[in-house]
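Paired with chain B in one complex and with chain C in the other, chain A is shared by the two complexes that follow.
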Partner chain A sequence: MAPEFGQLFLISGLAASLMQFLLGLNIISLNQTNREVLITRFTSIHSLAVFLAMLCLSYSFLIDDFSVLYVALNSHTNLPVLYKVTALWGAHEGSLLLWIFLLSLWGASLAYSQKFFDQTVILKIKSLSILGLVSFGFILFIIYTSNPFERIYPFPEQGRDLNPLLQDPALAIHPPMLYAGYVGLAVPFALALASLMSSKDYHWAGIARIWAINSWLFLTGGIALGSWWAYYELGWGGWWFWDPVENASLMPWLVATALVHSLIVTEKKQLFNGFSALLAIIAFSLSLLGTFLVRSGVLISVHSFASDPERGLFILMLIGFFTGGALIIYALNQKQSKPLNLNLFSRESLLLLNNVFLCSAAGLIMIGTLYPLVLELINSEKISVGPPYFNFVILFPFIPLMLFIGVAVFSSWGGTGKKLLVNINRLALLSIVIGLIISYLILGYETPLTTLGLILAIWTIFTGAMPVIKNLGSQTHQLIKNLPMALAHIGLGLTVLGITVTSSYGITFDDTLGFGQSKQVGNYEFKLISIEDRAGPNFKAKVATVDIFSDNIKVGSVFPEKRIYDSASPSMTEAGIDSNLFRDLFVALGEDLGGGIWSMHLQYKPLLRLIWLGPMIMMLGALCRLFLLKPFRRET
Partner chain B sequence: MKRILPIIIFVGLFVFLAKSLYQPQTNIPSPLIGKPMPTFSLSELNSDTSLTDNDILGAISLINVWATWCVGCEQEHSFLVELAANQTIDIPIIGINWKDRDDLALRWLSQRGDPYIVVLSDPIGKTAIDFGVYGAPETFLIDEQGVIHYKHIGPLDSEIFANNIMPIIQDLRR
Partner chain C sequence: MLPRHRRFLAICCVLIVVGFASFLILKSFQDNLLYYLTPSEVIAGKAPDDREFRIGGLVVVGSFYREEGNLTSQFTLTDGTATVNVNYKGILPDLFREGQGIIVRGMFNNTSVFIASEVLAKHDENYMPPEIHALSKPTE
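Coming up: the complex of A and B.
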């Protein structure tokens, strides 16, 4: 019965989201108070219905009901309970259900938000109505093309098991986090449109910023987790592949970053209102585009779950409707902007400049992701652009971006260049000196780009930390005010530092090793001790023991595995990693070449951990802004 | 103009994505040409016997990556059946059923004819990644030792086979 109930709840959710949309329109005549009460109720009903539908599917997973096609394809009686729960979003249909649930949850959080007052209630009603329409479109998409509650008869005795790649704790929380970020961008999108259509002021910016920061928080976490997962699970030792699916998450992140900064200017200075609205539209559209790229099969990648042209077409139509519609509303309703009279070195123009760099970075990634398709249309040849393109072009927006981030921190609203120069010259000199010392004396000179990367990373960390350090003695309020920015910028600096050092000084070897043989990688010696069999709950594995020595002193042992899952025959690599803050030693087991000799993939990666520590600190910054700053704001 | 520009860019992007959705897949230079095919171990369709790359060596053969959800595979299927029946060309075809369900695949083959000497099932697409598969259908020509000599992306037909693949087979047989 559970799947039938699930289906019913989904249809109830569809009806509630339609009501949520209609209540925002003037064709239903109601006074504003009743309208607000009703639309809030329907928003709650809508998210409750989708939540119950999700529970029904979860229940089918937990009782191993293989008469449900989706469960039969993605579960197995021997699957650990944790993965039976997370298998819900292990494939296309379920992950869309999660997508819609999170969307309805963000809608509910807006409905119960205390940010609105009498004059802005209309903004709330209109944006909830838009969110209702988005949900309606996607629930329709699920019911029409990707119903997770579909039954099969005769049903199989045993399920096909969850994709082994996804049987991993990080992957259990990666999709919900990333999706929460993707769909959270629907809220600024809805607020921007609501503002364009109704109110003629800037109230939306302050409200939208909260949800933009929330989405940015989740996107940051989701992307970092995905990268960490790819590093230890895909077994190749890389941490970023410029895979279409990774790009699809990075583009909204870049634009969301720009959006957060642009909204500051719109809220505080009533400037760039149109630009902020456009960024909100683009950010959400890129989230939708990400969904399209993953689902349509237009681009095949390691991450894609299912490809089906019918689904692709439906999503494309949804994108056409929402993005196209939003851009038309934007074109028709844009307010006459004030004549801009900006000083080049004022904070507002520096923020604008950096937002342009962030958008260019997103644009370049989009070109790289879609370029193979463009070329294919023009002369029917497929080429893959690959990491070299991305690694090269991303430098053009990022080098000036990193330079101006620090400058913008020290700028002031409406400020001038002269004052700014006095403020930053010492710190700039210090960053250059320390960068040169690290580059030439500590790590050893590699390339000009490495040195530049080191200097810019240190510059970003120093300039981010400075406003907090300067206020260490002053009141708590002054101190905390700059903390979110400081943490976000320090996090970015650390990430760039990690990327620069690891890609310049890392060492990789592919080699064969027999028992007792060893291989020198940098300062470390890897020695294969043994390979044994091990049985897991639903897999069999070969486990190697590799000891690692530095100057003949044992620094650690790693246990890389090759797993054969019962139901899916390809083997999976579980890398063996010995890590601390300063370096990662990575061993992946290759093929058994016979006679006790195995091929192996060995890596030494200095400062690799910073690449994930950085985003964690950035997230801490966002959390500070969302929770710590609140009580102090009320006082002022 | 400033207001309309985003719409123009978006319309361009939209039309382009819509076209890509229906664009047949074409040639991608494969880095694997001239190299041995990647190692794998896959189970036969609807069975527990698992075969490795070593098991399928010994003859010049085609490896065809296909799926029931792929439109291009439907297009090329009748040609594959015809090719498999052709005694003079006499080339075995090995199928890799990609990201698919065994029951659907079996039904598909029973309805449309089965050109394959063996069909291996790659439900999560790991082997396809090793082969550098961009999208189904894709066809690889391998020699007796398993070295890849040619890769065709998109539906195969008699013209492509005669012009691009047959000459290589003749060279290899000489």
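Coming up: the complex of A and C.
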């Protein structure tokens, strides 16, 4: 019965979201207070209904009801319970259900937010109405093209099992985080449109900033988790592949970063109102584009497991409708702006400049991601754009971006350059000296780009930390005021530092290794000790023991595995990793080449952990802004 | 300097910088495009000879050969009409099998053997790159 109830809940959700949309229009005559109360209630009903639908699907997974097609395709009686729960978002239908649930949850959080007051009630009603329409579109999409509650008859005795790649703790929480980030951007989008259609003033910016930071927090976490997962689970020790699906998550992140910064200016200085609104629209459109790229299977990608032209077309139409509609509303309601008179070295113009760089980065990634698709449509020529393109072009916006981040921190609103230059000179000199010392004396000179990367990373960390260090002696709220920014910038600096050092000084190659033999990887010696059989709950594995020596002293052992799952014939590689903050040593087991010799993938990656530590510190910054700053705000 | 002149100078600078950047970006774009061809297209001479490209096809059953204890493997790719011999030194992906659809990236050496620098196999049981799906249909 559960699937039928789920279906029913989904349809109730559809109806509630439609009501949520209609209540925001003026076609129903109601006074504003009643309208607000009703739309708030329908928003809750809508998210409750979708939540119950998700519970029903979960229930079917937990009781192994293989008469439900989606469960039969993605579960197995031997699957551990944790993965039976997470299998819910293991494939297309369920992950869309999760997408909608998170969207409705963000909607409910907006409906019960304390951020609105009498003047902005209209903003609340309009934005909830827009969120209702977005939900309506996507629930319709689920019901028509990808219903997770569909039954099969006769039903199979056993399920096809969850894709072994997805049976992993990090990947259990990666999709919900990433999706929470994607759909969270729907809130600033709705608020921007609501503002354009009603008041056209600046109230929306302060409210939108909270949700923009929330989404940014989740996007950052989702992307970092995905990268970490790809590193240890996909088998070959890369942490970023410029895969279309990765790009699809990076583009909204870049624009969301720009949005968060632009909203600061709009909220505090009543400037760039139109630009912020445009960024909000673009950010959510890119989230929709991401959904389209992942779920339509249009691109050659390791991720695009669900390819179905009908679904692709439907999502494309939804993107066209929401993006196109939003841009039309934006164009029709754009207020005649007063002439801007910006000082080049004021904080507002530096933020604007950096936002332009962030958007250009997103644009360059978009060209590389979509160009193959467009070319194939036009003359059926098949190409793909390789990582060298992305690695190269991303430098153009990022080098000036990193440079100006530090300058912007020291600038003041509306300020001029004179005082600023005095302040940053010493710090810039210090960063250059330290960068040069590290690059020439400690690590050894590699390329000019490596040195530049080191200097810029250190510069960003220093300039990020400075406002906090300067206020160490002063009152708590002065100190805390700059903490979110400081943490976010330090996090970025650490990430760039990690990327620079790992890609310049890392060593990686494939080689053969027999028992008792060893291979030199940089300063480390990898020695194959043994290979043994091991049985897991739903797989059998070959486990190798590889000892690692440095200067003939054993520094650790790793145990890479080759797994064969009961349900799927191809084997899976589980890498053996020995890591600390300064370096990662990585071994992945290849194949038995016969004669006791195995192929292995060996890797030495210095400072690799910073690539994921950085985002964690950035997230800490966002958390500080959301939770720590509030009580101090009220006091002052 | 008149404000008008200053503005003119500023615009010129911006244009030069933007123009130079776009030139480099476009050049990098051109240099890093990877063409994707089928074995038939390769035999028909569409393959570039000065840079890497990709070939997609099915691994011919019985064509796989690797010496004991050696990392280098040889196999043949087909699209049903033409074949290409491939040589690859490195670890093959978990999902590499004879009869399966794969994609190889690399270049020809002067003896018409394709030297692959990367081998990609389909991602999971149910996934097939659209190209390979299209070409495996008539034979199935």
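Points to keep in mind about this one:
By our rule, the second predicted complex is superposed on the first by the 632 of 636 C-alpha atoms of A that agree within 3 Å, B and C clash if a C-alpha of one lies under 4 Å from a C-alpha of the other, contacts with A are read in each partner's own complex, and residues count from 1 in each chain.
Note that contacts are C-beta pairs under 8 Å (C-beta built on N, C-alpha and C of every residue); 3 or more make two chains touch, one makes a residue touch a chain.
Here the structure is a predicted model, which means the values were calculated and not measured.
Contacts of A:593 after superposition: chain C is touched, whereas chain B is not reached.
By the touch criterion defined above, A:278 lies against chain B but remains apart from chain C after alignment on the C-alpha atoms of chain A.
Residue contacts after overlaying the shared chain place A:324 against chain B, while chain C stays out of touching range.
Applying the stated contact rule after C-alpha superposition, one finds that A:165 touches each of chain B and chain C.
Contacts of A:312 after superposition on the shared chain: chain B is touched, whereas chain C is not. Shared-chain residue A:545: touches no atom of chain B or chain C.
In the overlay built on the shared chain, the residue A:373 is in contact with chain B alone; chain C does not reach it.
When the shared chain is aligned, chain B comes close enough to touch A:292, but chain C does not.
Common to the chain B and chain C contact sets on chain A are residues 160, 163, 165, 297-298, 300, 302, 307, 381-384, 568-571, 591.
On the side of chain A, the complex with chain B involves touching residues 73, 160, 163-165, 278, 281-282, 285, 292, 296-298, 300, 302, 306-309, 312-313, 316, 319-320, 323-324, 327-328, 330-331, 334, 370, 373-374, 376-377, 380-384, 568-571, 591. Per the touch definition, chain B reaches chain A in the complex via residues 3-4, 6-7, 10-11, 14, 16-23, 25-29, 39-43, 50, 69, 71, 99, 101, 121-124, 126-127, 129, 133-135, 153. Here chain C touches chain A in the complex through residues 21, 24-25, 28-29, 31-37, 54, 66, 68-71, 89-95, 97, 103, 120, 123-127, 129-131, 133, going by the rule given at the top. Those residues of chain A that touch chain C in the shared complex are 160, 163, 165, 235, 297-298, 300, 302-305, 307, 364, 367-368, 371, 381-386, 388-389, 392-393, 396, 510-512, 514, 568-573, 588, 590-591, 593-597, 599-601.
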